[in-house]
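There are structures below to look over.
First subunit A sits with subunit B, and in the next complex the same chain sits with subunit C.
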Partner chain A sequence: MSEAQQVFESETQDLEGRTLSNRELLRALLKKPQFVICVLLVVAVFLMAAFPRLFTSVDPRFCELGKSQRGREPGHPFGFDIQGCDYFANVIYGARPSVLVSLVAGFGGFAVAGILGLLAGYFPGAVDTIISRVADVLFALPGLIALIVILNSVPNRSIWIIVGIILVTGWPQGMRVMRSTVFSVRNREYVLAARSIGVPPLRILRKHVFPNAMAPLLAMTTLGIGGLIGLEAVLTFLGVGLQPPSISWGSQFGVAASYRDSPHLFIWPAIFISTTTISFMIIGDSIRDALDPKLIR
Partner chain B sequence: MAAIPPTGPPAEEVGSTVRRATGVLGVALGLALVLTSCGDGKGSGGGAGGGAKSEVIAIAADPLDYINPLNENGSPGIQVAQAVFAPLVATDPNTGKTVNVMADSVTPDKTSQTWTIKLKPGNTFQNGQALTAKDYVDSWNLTAQGSTAWKNNGFFSKVEGYDAMNPPTPDGATPKPTSVKTLSGLKQLDDLTFSVKLKVPFSQFGLTLQYLGLAPLPEEVRKNPDAYKRKPIGNGAFKLDGAWNPGDDIKLVKWDGYKGPNAPEADAITFRFIPNADTAYNEFLAGNVDFVDVPPTKIKTFKTDAPDGWVTATSSGANYLTMPAWDPRYKNPKLRHAFSMAIDRKAFADLVGLATPSNGLVSPDMDGYRPDACKYCNFDPTAAKQLLAEAGGFSGAVNINYNTTSATGQIFAEAIGNMLRQNLGLTVKYTGKQGSEITQLADTRKLDGLRFSGWGHDYPSIEDYLTPMFKSNGDANFSGYNSPELDKVLAQGDAEPNPEKAIKLYQHAEDIALEDMPLIPLYAKQNAYLHSAKIMPRVSKYTGVQALYSTFK
Partner chain C sequence: MTRFVLRRILAAIPIGLIVTLGVFALVFAMPGDPLRELAGDKPIPAAVLAAKRAQFHLDDPFIVQYLLSMKDMFTGHFGTTFAGADIASQLRLRIPVTLKLATLSLALQWIAGLLFGLYAGFRRNGVVDRMLLLSTLVVLAVPGLVLYFAGQFLFGVQLKWLPVSGITEGYPLAYLLPATCIAITGFAGMARLTRTSIVDTANADFVKTARAKGLGEQRILWRHVLPNALLPVVTLMGIDFAGIFAGAVLAESIFNLPGLGQFLFQSIRFHEGGVVVLLSTLAFVMFIAINLVVDIVYGFIDPRVRNV
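Our next item is the complex of A and B:
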């Protein structure tokens, strides 16, 4: 992680030379075939999450225990899970929590880290000190262990509680990136000009600083969404994530781990999680590359 | 060692909570059984050390802090005690009959209220002191004293004079010493004979004497038990090999002075404590121990993991879905029968693996088990729906509690939940908690909804299923069940000296419990164990699998 951070920080310096407009960014991205493919895959997963019925008409909660762990048969391409439910339908329906957690936590994190980073970067002194020291404290907590401990103390975990706790513990990284970008932008001529004619600080932040400082954080967020899908699965696998009867890829993993004799239980959610995660990472990579001034020319 | 240790697989750690009775003899005996089956094993590669016939037995539990059978009702401790101490009587692994070990005879009077126990002459403790009736009487008096605070105190609650030594104390307070130091029902008649007078007749008392938790302590230990808690002086087939400190393996060697029947073949035994059951299993696969229990997560794979070295024991235990008697929504017996008939036991037992569907409340290997005892245990969704309608339906969601520390807890809970939801149209929710938390909530009658429970007998009698779980003040009355009629029938059975007539009465009690169905029978599980190539554990229908009594190749 610290390596990634250095990359971002060096980028921030270079950004002083040149900034991409949003349209240029999009055009550069669409030229990359791997970006297009991954966007299509991600859109497919989003559709699964939003409208699972487009993909399967089978009720994932209709289970016949007698068919437990059976392999594929007509109408049931992925076979049956431990409870004898159709596994294809379960894997499709399992997309929703993964996507929700990753998107909400990802972009929620973007908002929280962005706002705090803006404030810390633009108002050195007390505001910066408070925000940065809180971030330091959160950095000192070992991430996954802190999540496990906190989630274990919550009796009825809904998806929103999981998202909330990921947000609370996860913002410092992005805040630091944002803060260092804001440092480099706040003394640019247009910001100084706006300040000299008495534009209020909030408006300066909104109109001048944020649009010019958000790109590295955006790239980092997209890169991180893949990781968040994995994190949801890890937490559920460890028994501190979603609880039954929620259907999620993580809980499918957790069950499959105890039943090694039925590899299909493991393989299908694994393929879906890997594909989604890798797609998000390639998208994030592409955005970062497009933003890298050294590669632009 | 006792010639024939009590048998029986332990209660299963099922999806949710399995609990043995604590305190009272039932519990203790159960544990003894459990220990037996779990404990034995020695590693082929392992450091049993010494003799050719040595074995390392893995015990998947936290290390013991002391060895004292009278203060031990957990399976790990009893398992070790079984090697170092010998019981009065034991179950013969070939016939299932009770045979004498330290006792020469155990004789009830006509009403089964006073029991006379005569010891065999010539037995000694490992320090050379002769074993006499006084050792039993004094050891039992010491344990029955509430202020001694030993775990098997509850065993003696059936003996006359117990209440005088255990005045009621507020919860959590330490019992104060009483002026009465002896049980009035316990009398030494001569050097080798003593008698026990019970508060009420109890026809099964002779069977309970096989519990290892009743072992005698020699006089020097009784004087200062704390000084000997890590260097026990037993009367069994093995003694400590050198010094032992808590946390170390417990290394035992054969004691030449043991004159009891059926001494184990091993010359040296090492008990190795490995708190995590999966780790213990992997230690076996790595060749470091000779015997290990198969944990529930490995039930589907152990045969391929150790193709030449596994054994299974017929079940001595049963598993149930427990109704909360304190919640009026679950009160109607028709609703309970509806739940029961909505469950496909065959498919559920297949899911559990190595299990057979239950059709009654007692373990299938018991004398007195009836395969057709339960009238409401067949899978019939249509009839179940109708019963539910007659009961007036169910309001709200059925909550199923499962143990999060068990890898299979959630899976079993969802399987039951799916059947209730689909076959009865109920709304089901699930709550995962630590097993101890579920038990505590149930004990204080605050648990919302159903949970899993299991029970393994402490002595081979169907009475040891019915009394602990269904008697109104039973030690393991998980469901809070209370039926004066059942209590009366049980008391009649306890007072019936004719074993066959007693079984009939106990079966009648089982019928009453099945009509009210505070527990829904689910399945009886077989236990599986792995053993190394150099040993063959003793396997018996009656005593389960015992590594202590392994034969060597």
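Our next item is the complex of A and C:
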């Protein structure tokens, strides 16, 4: 996680101080076919998570043990899992945790890192010191191990608890990016002008600093969403994530690990989760390219 | 320089304290009796209970409990697992496995990442550069879990080139597949960062100055571009090195290597809270120590950092 973020941080640090209106940004993005395709794929996965019945009428929990691990059959394109449940329905229903993680941890992470970064960058002194020191402590931990320790001590883990703990431990990197961009924006003429006519600090932050400082964090967040989906799967696979009977791609990997003779148990969730994460990555990549001042004509 | 090193060491101490206290608080100061979990559903005789309470210092105040268990940890009295295995001897068996896996995978990913990153950075927009950007985008996007399983399935189960799991085949052979899998995930970040850094540095003003005053290309490359371009790469190497245990948890659980990561995985499965805390505390302390070393090494390489 932190490795990939380090790379994204270095690749997104040139984006600061850009003012590109939302409409311009959208127009630049819609010109790219790979962006459009990936958005459509992500929308399809979101639909899968919200309305799984659109894609399958089979109940994922209706199982016939006699059909355990059987391959594809007419009406059951992905075959059956070890309990003899229809695997297609299970993979479709497994989209929900991944999508919730991508949405909540993605947007939530953006909000938490953005707000803390704004505060730390705009109010040097006590506020900055407190936020930065807490970030130092969280930064000094290997992310996965910290999540394992914390989640291991939580008895009943729902998707919200997992997302919440990812949010609580994961904000420092984004906060640092935001803080450094705010540093470069806070003494620009328009901010000084707003301050000189007595605009209250919160309004300056909201109207002037945030819109001009959010680009690097936005690019970093979209690039990192795929990693968050993978992280949820890893945590569930390791046994500190979602617990059975919840259906998720991560728990399907966990089962597939013990039944290596039926590869379809692994292949289908792998294809779905990889398509989702690659789509998010390409969307993030396109947004970063669209925001890169060196590429704007 | 000495002041710089001392300051870094002093800065690491409070972080280490906060982290170990936090881990300890999470597990031992949770509501409920830790011994209840140890016994499961069976009733515990009062004498056993009292003995266990004394053994784990449960009747002492929180801070005393913390200090005593830290003392146990640093003097090597790790105790036993619920199943009765001696944790210290487990660690002796498992640490070499993880070390071998870590060194092999780090060597692979650093060599490959640097070579490809440098080449792509110098031949920007060339064939290698484009291929690298595309392939690393995919590698960074595909979850590690999928990559490890796919590697195991393809090269172990289908092609039978390398052992599927376990370490019965001995050092290089049995570790090659898991190490390559870890290395591929790390390689992507390494190569991309090296490339970006080379490109940025090659366009910097001091390189233009060097060229303008007539220095040869070789001298510009070795004396001006590389030392500056490799600074962020060294930072990433440090992060990689310190975070290798997290990668090992996943690789060792999937490839069934009897290392520290697999120990952690099994301890979670069997609800061995104490072992999880011990291993993660070791991981945290190692992480902080490695970061400290990286910081100090970085101070030697980059004189600008020393004055901060």
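General remarks:
Methods note: the second predicted complex is superposed on the first by the 279 of 297 C-alpha atoms of A that agree within 3 Å, B and C clash if a C-alpha of one lies under 4 Å from a C-alpha of the other, contacts with A are read in each partner's own complex, and residues count from 1 in each chain.
We take it that contacts are C-beta pairs under 8 Å (C-beta built on N, C-alpha and C of every residue); 3 or more make two chains touch, one makes a residue touch a chain.
Worth saying up front: this structure is predicted, and the values here are computed from it rather than measured.
By the touch criterion defined above, A:Ile278 reaches subunit C but does not reach subunit B. Contacts of A:Phe237 after superposition: subunit C is touched, whereas subunit B is not reached. Of the two partner chains, neither subunit B nor subunit C is touched by A:Val127. By the touch criterion stated above, A:Val168 is placed in contact with neither subunit B nor subunit C. Of the two partner chains placed around the shared chain by superposition, subunit B is the only one that A:Ile82 touches, whereas subunit C remains out of contact. Look at A:Val39: by the touch rule set out above, it reaches neither subunit B nor subunit C.
Touch criterion met: A:Arg260 reaches subunit B and subunit C at once.
Looking at the superposition, the partner that touches the larger set of subunit A residues, subunit B or subunit C, turns out to be C. When both complexes are overlaid on chain A, the residue A:Ala140 reaches subunit C alone and has no touch with subunit B.
When the two complexes are superposed on chain A, the residues of subunit A that touch both subunit B and subunit C are 239, 260. Of all the residues in subunit A, the ones that touch subunit B in their complex are 61-66, 68, 82-85, 239, 243-245, 255, 258-261.
Contact residues of subunit C toward subunit A in the complex are 12, 15, 18-19, 23, 26-27, 30, 137-138, 140-146, 149-150, 153, 157, 164, 186, 189, 192-193, 196-197, 232, 235-236, 239-240, 242-243, 245-246, 249-250, 253-254, 264-265, 268-269, 273, 276-277, 280, 283-284, 287-288, 291.
Those residues of subunit B lying in contact with subunit A across their complex are 297, 300-301, 344, 346-348, 350-351, 404, 407-408, 410-411, 413-415, 417-419, 421-422, 428-432. Partner subunit C is touched in their complex by these residues of subunit A: 2-4, 6-7, 10-11, 136-137, 140-146, 148-150, 152-153, 226-227, 229-230, 233-234, 237-240, 250, 253, 256-257, 260, 263, 266, 270, 273-274, 277-278, 280-282, 285.
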